[in-house]
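Letters are used for the chains, namely A, B and C, taken in the order the chains are written, and counting of residues starts over at 1 for each.
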Amino acid sequence: MPELKSRLLQALIAIFGVLTIVFFIMRLSGDPTLLLVPDGATAEQIAALRHVLGFDRPLLVQYGAYLLDLARLDLGQSLVQHAPVAGIVAERIPYTMALAGGALLVALGVGLPAGLAMAVWRGTWLERALAGFVLAGQSLPTFWSGLLMILFFGVYLGWLPTSGSDDLASLVMPSVALGAITMSSFARMTRIAVLDELSRDYVAAGRARGLSYGAVILRHVLRNAAIPVVTIAALEVGNLLAGAVIVETVFAWPGIGQLAIQSIASRDFLVVQTIVLFVSMVYISMNLLADLAYGVIDPRIRRDR
Amino acid sequence: MRRISLGTALIFAGLLAFIVAAIGADVFASNDPLRQSLLLRLRPPGTATATAYFPLGTDDLGRDLLARILYGARASLMVAALSVSVSLLVGVTLGLMAGWFGGWVSIVAMRAVDTMLSIPAILLAVLTVAVLGPGFFNLVLVLGLTRWPRYTRVAYAQTLQVAALPYVRAAEMAGCGPGRILLRHVLPNIAGPLMVVATSEFGLMILFEASLSFLGLGIQPPYPSWGSIMSAGRQYVVRAWWLTAFPGACLFGVVLCVNLFGDWLRDRVDPRSQGR
Amino acid sequence: MIALSVRDLSLAIGRTNIVDAISFDVAPGEVLALVGESGCGKSVTAQAIMRLLPAAIRQTGGEITLGATSLSNLPARAMRDLRGRQIAMIFQEPQSALDPLATVGNQIAEALRQPLAKVRAEVRQMLVEVGISDPDRRIDQHPFELSGGMCQRVMIAIALIARPAVLIADEPTTALDVTIQAQILALLRRLAAERQTAVVLITHDMGVVADIADRVAVMYAGRVAETGPTAAVFATPAHPYTALLLASIPRLSDVPKSALAVIDGQVPQPADYGAGCRFAGRCPRADRRCVAETPALRPVADGRLVACFHPVGG
């Protein structure tokens, strides 16, 4: 229980820190009013807006007001779209979630078996081949692999739609592009975790009571190796949401990533701010969730709680 | 003396090629990367005219792709090197101080690290560049000032260990000030692990620069960057594959070499991690 | 009748011999102690018998026979069927030899190749037999909820539940408290006698040997130096190494672990194994012949075998 409490406290500190950082970044340019006015506004309009938005108050007062608004879940009004920011962003979240889910599926589906195989067949040609594959995945710029896939599967073979969000098929290429880097870190992490477990005495003991090597891995090694892998799985969800900024732009996928870039172009900075806050909150909650998941997998912790 | 394998030699060759191309861009490029020629738009690789030769073809404004890729390498190298230097400086200073002074200094520093790591790097960079406006200088500043936490973590952990070593304690007794001890005794001891982190960050920075430029938030036109070349080439991906293929392959190759170099370096710095 | 027979077993890492033509037999219900200093090859011998050698180590010669079955050329599949049923093993550190995430009951049931639900009664009965109180609760607990001694009892339950003919125990008490050690050894002794299990007990503790072994094989640097009934070997050791080993045991055998260090000189490393008797460098009776020729095991009084040109009292 005390462990859980300190985790919660850490998460709260991180949330507070993120809010603070974002607040000050928004004011880095000197006058945040300029970020929010539509192009072509006159000096009087700007001054009026500055007053309405309270940017003429002292910084600390603004900071307090900002925290209060967020505490009331009031994310502000978009001056470009004349609608509440929360609604604009919320509309796009399901698309990004679908994309991140697809990417996670790709990353887990390929990364875990690859990492496991690299550990079990250590020192063989299979390990070397997979290591090359993993390294390539880690070094691939997502926008390049995205474009190549569009060119090959979309244009040349004509198997998959090159952009848009009409059906499940259009989710395939963005998911693969987004999932590649995450797949690599899963594979690396799984390999290390499984290697660690394979050297333990209970593996030899399992074989000594007549289990095959495969059975020892299935029944004992995998569950033990899952513990460290779960943490990074949770952290990777945050990275996937961030990576969506690029992948969604390449594939014209209407999620929050594309929205962020569009909003920068249309100078709708409250939307960008909200997206950054949202992704960071997801990241922090996933972190917390990973800590809780430990308890489910590991009976040693379950009992402490 | 360790023998260097063929694979390692290839990694070094790849990195060397990147650095030489970046530094000597003006020597190797036979055409001006900014010079447009609307009559020579989207010409395929190997196009030759009476006065010029375009080994990798031309872009949508008729500029020489090879020249743009060479100058793009320069942008990439400069952004990555400078921003790694900035974040190294910030991160290591913070980590050394946190490890040496402990107490509330370390608490504040490590909470700040956690917080920075809670905002996915690319989003943080996108937001900041968008607020400050794009451009070379802002790009370096933003990447440098957002990517320091990993150095702080490593420097902090290593400083804690090194500070407990007898000879460091002895130097402290002999009256050396903290600045001197940190610089003369602690820093050399933690240089290895820091180099490993810096290498992997270097690869990431190259990717970030390209990504931000691809999104239009990095190097601004008409100046070339691998990311912005591909961003322009995106519309012509069917008609002019070379605009996407060549800069992307360069980017992939360089990042691959940097990552391989990082693995190699880590095995040397920490032999226990061999093959991990 | 012989339950397990090891004939001229040799093991090597690359070109270095680590075990050199060792032989011994164990009869049903008998406890054979395999003693020797650290690194002399006891554990690798056990692994070779189980056919679970690490990849780096090869068997270069010899024959291992379980009852009437020769293990050396058995297909892997058949060997796996024998493990746990015909031949079982327990380990030095019981807590790390158990999967921390699986319940005790599930791990015991695996030795029967049945799901726990099917064999719960049998598993519970086995827990009672190895002296675990409150078996109904313990059966569903995880290893971290049990003490080291209890974990070793669980390991014994895993090893014996399928009634194997042979049990190999590799330093089963080294990691345990002294008081627990005696209980575990007594338990092993009793169960082996009741079930007529042949036991190979690996140890470097002469006190343990005296307590429970019927016969003893003393190993030195990858070879058997002397073997015979425990009582006879302890009364009149024939190999100079055995003699020194016994002489260096304190009267009350309560600190036996440090005992071996008392003998002068160092055990040679496998890479330095040369011709001649490997104990020659430390032996007070060694002469030129000991350095040049390898002494073979030959019979002396009381059914003992000794590999020495100048046995004590002979």
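Methods note: contacts are C-beta pairs under 8 Å (C-beta built on N, C-alpha and C of every residue); 3 or more make two chains touch, one makes a residue touch a chain.
Predicted model only: the values in this text are computed from it and were never measured.
J.: Based on CA centres, what chain would you say lies at the far end from chain A?
T.: Between chain A and every other chain, the largest centroid distance is to C.
J.: Mean of the CA atoms for each chain, then the mean for all of them together: which chain is nearest?
T.: Closest to the centre of all protein C-alpha atoms: chain A.
J.: Which two chains meet at the most C-beta pairs?
T.: After tallying contacts for each pair, the winner is A-B.
J.: Centroid from C-alpha atoms only, then distance chain B to chain C, rounded to Å. What do you get?
T.: 57
J.: How many angstrom between the C-alpha centroids of chain C and chain A?
T.: Result: the chain centres lie 53 Å from each other.
J.: Can you check how far apart chain A and chain B are, centre to centre, with Cα atoms defining each centre and the answer in Å?
T.: 22
J.: What residues on chain B touch chain A, complex-wise?
T.: Within the complex, chain B touches chain A at residues 111-112, 114-116, 118-124, 126-128, 130-133, 203, 207, 210-211, 214-217, 227, 230, 234, 237-238, 241, 244-245, 248, 251-252, 255-256, 259-260, 276.
J.: Which of the residues in chain C end up touching chain A in this complex?
T.: Chain C reaches chain A through residues 50, 52, 80-85, 88-89, 91, 93, 96-102, 110-111, 113, 142, 144-145, 155, 158-159.
J.: Any idea which chain A residues touch chain C in the complex?
T.: It is residues 200-202, 204-212, 219-220, 223-224, 297-300, 303 of chain A that touch chain C.
J.: Across the complex, what residues on chain A touch chain B?
T.: Against chain B, chain A makes touches at 10, 13-15, 17-18, 21-22, 25-26, 28-29, 35, 135-136, 138-144, 147-148, 150-151, 155, 191-192, 195, 238-239, 241-243, 245-246, 249-250, 260-261, 264-265, 269, 272-273, 275-276, 279-280, 283-284, 287.
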